[in-house]
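For clarity, chains are labelled A, B and C in written order, and residue numbers in each chain start from 1.
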């Protein structure tokens, strides 16, 4: 941190606020880490693949019939990419919702997007639709439906009153969960396994097409949300204070809510429900990097991507040849950490 | 059902009358017979059952196969084979049986399975005075034995033994034909997403084994393990069987999905097949048909006529 | 005096209860106006209407001649700032970062502060005597220190009018005086208009150019401190017998409870 000299009085203080340079530097480090994790993940698995082989493959030097090629490009790489995109979105959504709702327990699912999406997906599974098109469309539709319901139920005069919105989300969650329970209770065996696997997160059959569809949405969503990073900083002082300081709180909340819901809805439509990422990663990053959202948002998102790639790698190797749903891994890693956080900091969530 | 008959002789009527009385009293239980079911429970029936409730779809199939369809009083929800069974009154699903509905139907025998129906259901029915006979076929041979047992309980022992004999002959034919042959690796996929297969504790595995194949997932600890596609690649199965409960649609797509993985011998040699799951996952008479079909797919050299997509039911 | 803020027959009700009715007032450039009145007289509502947190049900509010609604949120923040009564900070931003939040309305599309923003922030912290607190996290400061940082934040907005909601309620005697001195000098030096809602009659009387006495949502009396703070007025509004005399040291009206 370079010392800052005040020209008029000559007093010196040794901190200065966040600069674009710092943000870029930290992000570059995290991106490098992300790439390393992704590469490592593609190397890990049943078929043994060495660095040399991987390098050849990526450079396009391998024979077309090399079996490792199929494994890397058809199985592992699409999976790693989707895991990265999903982790990125969930973590980003968590940061934004925690700031918007000023609630440390907020994750992107708190406002019911998860159960609406789950309802759509489970309905699709019941109807025997395919995972290419039918189920993701219904899952996304379910997310949009819940988003709409939450807005209608939670909107008040000034904009969106936080506690009302949270209540609306909880009620909608409960409602859709009940319907999902009904489906589960009446499902035939083969559908049941598929439903349960989806409800805990299933990245097992990811394809490039899925990443291709979600990537632009995720990036666009991030860029839009980043424009509100300063707004989120100011909003931490309280909604009224933010209004006094010139933030159009109602508009910021609405846009952020819409963008997060749409991105999460899309991402969850392909991956199923993966919990704890949107809850724990933002807190961890806040502990290390502070609460300034201009840094916290990209850092959280990138960390979420790294975390989920790692978790998914564990999910497919830890009880090999069998597989666990990735949501189980994130819960196992996330819950104890969260307990530790609670004990250390109580309900205050302070930055560096 | 055997009924001992006593003829009345001429002299000593009193003695005989008394003897008859004693014997009649003594013989009262002999108008009926006592059976021991798969759980070694004592089931006493006073006469051949006329109103039978089946608590599992495979039991329903067995009853119809034995020609006892007219005696079936109630079935569970997914008993849709043979088609006539769909019209029978429903008593709930095989996991959650509706005991009240059963009582309404006033059956004189209830046939249940060990893994599906709960012991609580059985106790409730017993307390209501309804005889419950539990079966537990875990393999193909046990299935044939179960058919014979149910026939026996229903008072059709001769017919049951005859039909069981027919099925056994068909079974032994397959076993004999595949005996000396090399065993190809057969990967059985029972769910699309996630990919799931079966281990040795399943009847599917028994079918594969009897049909002359070997299941690479046999030794996995979980009965219906979820499998990574990579794992299947590593196993390099010679045959892939996708068991489906429906026609085409998702399962066709699942098969197409496999066709991309040319490193698998099964794909290279065009040995990815769809088989109706009813034929291989259910301990019913049709499992022999399933066995024959599977043998034909795994060892086409046995009977070239059997080498085809086995989607039809029978 | 050109008016900065002008309220004309403003009325606001909560449900069916009118918190303010027929209130008209004007704040001129460089004026230090004190708003007095018992609890429930509508003081806080008045502040919220002045900064467009609430929209009046009756009447109009104008800023520099234009109706308040024609300003965007950010535009309004560049003209009017508000120092709240208290603030609970959940996040551990440093005081400097808190003051820099005052620059929000000036930063437009840029996400990161520029040179000018830093200069203004510094100057504001100097004016509010809290430069030495710059690096300390805001949630570790005392009441008085927090107030000064919040005042610096308001100054960083470079407004023409600052609204203060009971700025001295939780402060010790010495700091009460300091804040009012500070506010007074700010209004003189920078031609800043200040509207202060306060319970502190002594200090308000001493430092304010004008006092507005509210009673049950209406302007009961308005004018110079000595004209407004008479025994009759105070008793009528506060329903408590008092005597009013002159503070021998300062000459401003001194209200004492009987």
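Heads up, the rule we're going with is that a residue touches a chain if its C-beta (ideal position, glycine included) is under 8 Å from a C-beta of that chain, and two chains touch if they have at least 3 such contacts.
These numbers come from a predicted model, not from an experiment.
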{"item": "Among all chain pairs, the one with the most C-beta contacts", "value": "A-C"}
{"item": "Chain separated most widely from chain B, comparing mean CA positions", "value": "C"}
{"item": "Interchain centroid distance [CA atoms averaged], chain A/chain C, Å", "value": "43"}
{"item": "Inter-centroid spacing, chain C versus chain B (mean Cα positions, whole Å)", "value": "85"}
{"item": "Centre distance in Å when chain A and chain B are each reduced to the mean of their C-alpha atoms", "value": "47"}
{"item": "Chain A-facing residues of chain B, complex", "value": "78, 190-196, 217, 220, 222, 224-231, 233-234, 245-246, 249-250, 253, 260-263"}
{"item": "List of chain C residues in touch with chain A within their complex", "value": "51, 53, 72-78, 80-82, 84, 87-94, 96-98, 100-102, 104-105, 107, 109, 111-113, 118-119, 122-123, 126, 131, 134-135, 137, 139, 153, 157"}
{"item": "Of all residues in chain A, those that touch chain C in their complex", "value": "4, 6-9, 11, 13-20, 102, 226-227, 229-231, 233-234, 236-238, 240-241, 243-248, 290-292, 294, 348-352"}
{"item": "Partner chain B, residues of chain A touching it in the complex", "value": "45-47, 65, 67, 70-71, 74-76, 128, 130-132, 188, 190, 193-194, 197, 202, 204-205, 316, 320-323"}
